[in-house]
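In the part that follows, the structures are each spelled out as structure tokens.
What follows is a pair of complexes built around subunit A, which joins subunit B in one and subunit C in the other.
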Partner chain A sequence: MKLRKLSTAVLAVLMCFSAVEGCSPTPGNGETSSSGRATIRLATWAGSEESKELQKIIDKLNSKSTSYKIVQESNPADYDTRIKTQLSGSSGPDVFWVSAQNASQLATRGAMLDITDYLKKSSNEAAKTSDYIGTTLNTFTVNNKIYGLPWCEQPVIMYYNKDLFDKLKVAEPTDSWDWNTFVEDAKKLTIDKNGKHYGESGFNKSQIVQWGTSLNGWPPVQMFIWQNNGDVISEDMKNCPIDTKEAIGGFKFYANLLNSPLVPTQQEIKDHGFDQMFKDGQVAMFMGGAADSLETQVKFNCEVSVVPAGPTGTKATFGDEDGMAINANTKNKDEAFKAFIDLTEAIQEWKVMPPRKSMNSLTVLDKQHLNRAKSMPEIEKSMSFARQYRYYDNYADWDDIFNKEIMDKIINGNDTNVESLVKSAKADLVSKLKK
Partner chain B sequence: MNDSYITTFFHWISVAVALVLIAAGLYLFLHYIVRWHQKQALGLALVSPWIIGFAVFTAGPLVYSLYLSFTQYSLFGNPKWVGLQNYINLFTHDPQFWPSVKLTMLYALITVPIGVVGSLLIAILMNQKVRGIGIFRVIFYLPAVLPDVAVALIWRWLFNGHGLFNYLLSPFMHIMHVSNIDWFGKAQYVLPAFSIMSIWGIFGANAVIFLAALQEVSKSYYEVADLDGATKFQKLWFITIPLISPIILLQIIQGIIGALQIFSVAMFVRPTTSAGEFMNQLIYERGFTQMHMGEASSIAWFLFAIILIFTLLIFKSSTAWVYYESNIKR
Partner chain C sequence: MESVNAKFLHSMSARRRVGKIVTYIVLIAIAAIVLMPFFWMLSTALKQETNIYKWPPQWIPHPAVWKNFINAWNAEPFGQYLSNTLFIVILGLSAEVISETIVAYGFARFNFPGHDVLFFLLLATMMLPFHVTVIPTYIIWQRLSLLNTFDPLVLRAWTAWGPFYVFLLRQFFMSIPTELDEAAEIDGCNPLQTFQHIIIPQMKPAILAVIVFAFKGYWNDLLNPLIYLSDMNKYTMNVGMYFFMGGTNESPQWNYLMAMAIIMTLPVLLIFFFSQKYFVEGITFSGIKG
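So, the complex of A and B:
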């Protein structure tokens, strides 16, 4: 009898818990809290420092807004997998950061909210689509509908160790430098244990202590192909012109440079860290994203310049984009959009480089990024010829073949027979293009 | 406490309540309506939360993934039935599928025998009566409590360009004018590197299971063998191994399953794709990077079929070499 009474009591307590759960005070996705403000969950890949800076921005927006409260959920580890699974289920955030590659993939699958009409109605500066530079909106546009906005486009720029340039009496990069001058500079800056540079008599390539530059798949080969007037996906998305003379030239330049003594071996890069080798003064020129701000992180005199032009003078650089979107299944679309557009504008002011024309004047940029004022002119120039990949819904399939069948073999297989690699991969690549 | 934790707390409490109510309802239904014996009804009611958990979190997804393997599904929208197309593509068109099958199978075929023989030898050593054997056993068991990722980190460090392995090999490499080996960057080294890493598996849990089996072998067999003048090797070969052969069978099957399902260490070490990709890595890539859940499921079911075939073959062969005392006709 006692046992029965005890069981009844336990069950009663448990049922009370469950009843309380039903009227739990915390709202879920986009739901309105008792304070009348909608809670907007924001998923990001921000690391710990970046997340703290972002939180300051969010706190400011939250204090101003009477209709929403943004809650940051930062998960840098395996972010892409996490966001895809969350969005496919019912636990997705209201607003989320999205990389350029995932944007079209998620937009075409209905995971991102179509914000075209919201943008037209909004008075926020970030909603003016005509203010976005060049093709930066293309990444977030599918069938003329806009599904997200970029908050940063970071062109690849050249960071260089000015102290090493001065020490070895190498002229600093200018606007007119191209592949030839770049390679010549890299040769002078590649030094062995005895202080001899590449090409000098007695240079020992097995005892290099300082390299001219570094490549490990980054920056992408596409950048060099564009500089050589080629492309990897045609504009109409029907073909992969990777076997043209121009594209082959870009691949070859990349492969030859990567497998030359001017660049550390992939093993050395793995052991010492890609950008770390530059920070440690082991690599003289490093091609990194503008947002990497390496010049603010090193002890030596570091400057930036545009990347070298191709042999015919064509300037091109890769512009990596990051953006933000709204979960198509959010419960409170209007408030999610308000939070989204306010946050987009705030992040555009924070990150380098904002993808908007009105924000790209040096006066504005210098004010926003005081510690990088000296670098801004070169970054701004790079923005003018930055290009994006031609993303589409199944771009990941194409990219997988491109990397495995061509790039991985060049980078890790030391394969410089580009013609043969390209020939064998072309049919597979074309088959993965939009039908 | 943060609001979100309270919500989660109450959420799971309500799940527990629901399970208790279901169990109670099931008991009442079986006992009073179906007229089962009280003990039977109570037994089934008490295991029902586990049965529900198994059905929802294991059996359900398992069956669903089999269905998905015949569909085109990108995590969003509805799966589109494509019949055997995913399997046909894998077997005939996919340039990455067969290399990953080959790498995974070779890895299993190399590492499982090393693992089983190695852990048996370690267990035999740990079964010796020497001073401080307890300390040795604790030390040898330690790898079993270390997380995979921590172990992978250590191995990655050992295998890096200036790591221990390249340092030990440097005199030979110097003579042959070869630079440091890129263990996880070149196809010819990936398999040896992962096989060396698998030696780690001979310690820890496997050796302890063998040790328990060795201690179960009755001393009287050895005493009789001593009287007959058997050597140590003869005692090992004719007494120990036959008597612990059921445990060897268990270890081989577990080893094969574990080796074919290698994932966390490989994902952490991340050999370059030209060097090789294990099947589970390919599944992950297809499913979560490329969002082809149908293809990922078909690779998973092919992997399951391989494991099943291996397991059945080993079971089939076990009648010839596994000795069960219970099978002896008295």
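So, the complex of A and C:
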């Protein structure tokens, strides 16, 4: 009897608990808290350490501001699904980090606030659109309206193991190196178990212990196509010139390099870790993002340089961008913008590389990133010829076909018959372009 | 004749012994394959960061860094995350078991109009991919102004929202003879009393099976807490451990991630070990496998 009464009581408590536990609303979406300041919720994909560094920046801004208080809501898990679900419910954070891939889609679908007029009125340095380098603002611009600002651009640069270069008497990369010198260097740096390099008589390609470079879909093939004066989407967004002589040349260079002994097999890369192989001294040259700062993480002498130019001397690198935007449904747009622009300025100082001309002087950068001063000139040079993809609303669908029908077959299927791959994918790709 | 019999019996027992040895060898080999990922997880959890990608791989970490467990736990407020997780698991699980048992009882014992259609509709919801319902469900909770609370993760359980569990329980209910209900009715029990005093005590194995399944579901749930809970101090263990996946320029901390994954696995393993007997009975009786 007692047991029955007890279980009934427990059941009642559980029901009450689950009915009332949510009745503790926290201010959000630009709502004003009891302190009189608007609470600005910020969603990011920051990891464990990064979120702590970001919190310090936020604390500084919060202590200065009398009108807003930024609350961080970070988590790297499934960020795209999380943010798209939250925004589609006309709720979500007030300010959020947005990747270059998603910016155009979210802006077109009305999830991001048009900040063009806010930027014109603001006196914050980060609001000066003329200060943004090259095409970095294009990613966040739709129909001449600006929907977000980039806070970091990562041009692909070449990290190289100087100790291995010295040991094998290979000349270090210079500004004039191109595909040919790069491949020649990679050959000299690819060594088998007996110490013979690629091309040397007796070289055993089944016993390679050190590779010249590494590719696994990164860096993107577009970078090599641009270096060869080609493109994958035309400027007017109406065509995919992937079958031009220049584009085919870029694809072929990539496919041949990836399937040569100069690059570890995809299985070896999966087993040992892509950048880890460079960190462990198994790969001599590694193309990574400027912010990866690999030279600060390894025990050997690591230097950086620009990526090699194409056969005609064209310099191009891929510049990945991360940005920030305001939720179009935020309740307090003015305060959200103030928090947004202050935070953009602060994060631009924090991350490599800031996408702004005024911040790209070596004196400024060296001061902000003391441990990378030696690498800054090469990173700065790379910024000058960095390019982005031509993103648009349905870019993800286009990219999906590009990867499935061409890149997967080159990377995982060892297919080097580029002409036929490109020919069969072209119609599908063109059909996915903006109408 | 006797010696022939003795020889025959001796060879039989020798054959049986060999058979047993072979069976054990096969079982141990299969168990080793099944346990391999868990072993790798433990091995990675105890490695120094620099040894994680070492080639050939280090199966036995040297040195074994037990401190990884403490460092991982302290890197984020996992005490808070654990209390949030337990809150959701205990409330959600209780709600789920209570509501689903009642609904399954209804489907098993009452032949009301539209019974078959309703049951079919309930089962049909199992065919809907989870991702199709994410946004509509999110919008419902938003309209109820219950985002960033634990409600979407707990209150939904009162609607008997797990058709699989309802089906499992209904199958078990149907294996209990209706004569018991009739006897209870003759003794003056109403349907609720019959349910409470006669049927529920017979249902322990099935209910325990549902508890084990549902516990695993709540404990391992990532996407729901991720989209419904915004405040970082409301995160669950599962969401919290994803911090170790890295960020913009932060590499994943695999040793910490694996350390937390081991901690997350332990309660599920313990619950399964302790309730194994009933769990298997519950599954077998209801005719559902896996």
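Just so it is clear, the second predicted complex is superposed on the first by the 408 of 435 C-alpha atoms of A that agree within 3 Å, B and C clash if a C-alpha of one lies under 4 Å from a C-alpha of the other, contacts with A are read in each partner's own complex, and residues count from 1 in each chain.
In this text, a contact is a pair of C-beta atoms (placed from the backbone, for glycine too) under 8 Å apart; a residue touches a chain by one contact, two chains touch by 3 or more.
From a predicted model like this one, the values you see are computed outputs, not experimental measurements.
Colleague: Counting only touches as set out at the top, which of subunit B and subunit C does A:271 meet: first, second, both, neither?
Modeller: both
Colleague: Let me test your reading of the model: by the given contact rule, A:76 touches which partner, first (subunit B), second (subunit C), both or neither?
Modeller: Second partner only.
Colleague: Determine, under the contact definition given at the top, whether A:88 touches first (subunit B), second (subunit C), both, or neither.
Modeller: A:88 sits against subunit B and subunit C alike.
Colleague: Which of the two partners, first being subunit B and second being subunit C, lies in contact with A:322: first, second, both, or neither?
Modeller: After superposing on A, A:322 lies in contact with subunit C but is clear of subunit B.
Colleague: I'd like to know which partner A:403 touches here: subunit B for first, subunit C for second, both or neither.
Modeller: Once the two structures are laid over each other on A, A:403 reaches subunit B alone.
Colleague: After superposition on the shared chain, which partner residues are touched by A:292: those of subunit B (first), subunit C (second), both, or neither?
Modeller: After superposing on A, A:292 lies in contact with subunit C but is clear of subunit B.
Colleague: Looking at the overlay, what does A:46 touch: subunit B (first), subunit C (second), both, or neither?
Modeller: Only subunit C; A:46 stays clear of subunit B.
Colleague: Determine where on subunit A the residues touched by subunit B overlap those touched by subunit C, and list them.
Modeller: Touching subunit B and subunit C on subunit A: residues 11, 14-15, 17-18, 21-22, 24-26, 81, 85, 88, 271.
Colleague: Report the residues of subunit A in contact with subunit C in the complex, numbered from low to high.
Modeller: Interface residues on subunit A, with respect to subunit C: 11, 14-15, 17-19, 21-26, 28, 41, 43-51, 71-78, 81-82, 85-86, 88-91, 93, 152, 271-273, 275-276, 280, 289, 291-293, 322, 351.
Colleague: Tell me, which parts of subunit C touch subunit A in their complex?
Modeller: Checking each residue of subunit C against subunit A gives 52-55, 75-76, 87, 90-92, 94-95, 98, 134-135, 138-139, 142, 145-151, 154-155, 157-158, 222-223, 226-227, 230-232, 235, 239, 242-253, 256.
Colleague: Touching residues of subunit A toward subunit B in the complex: what are they?
Modeller: So the residues of subunit A in touch with subunit B come to 11, 14-15, 17-18, 20-22, 24-26, 80-81, 84-85, 87-88, 105-106, 109-111, 206, 265-268, 270-271, 394, 396-397, 400-401, 403-405, 408-409, 411-413, 428.
Colleague: Touching residues of subunit B toward subunit A in the complex: what are they?
Modeller: 3-4, 6-7, 10-11, 13-14, 16-18, 20-21, 24, 74-77, 95-96, 160-162, 179-180, 182, 185-186, 272-275, 285, 288-292
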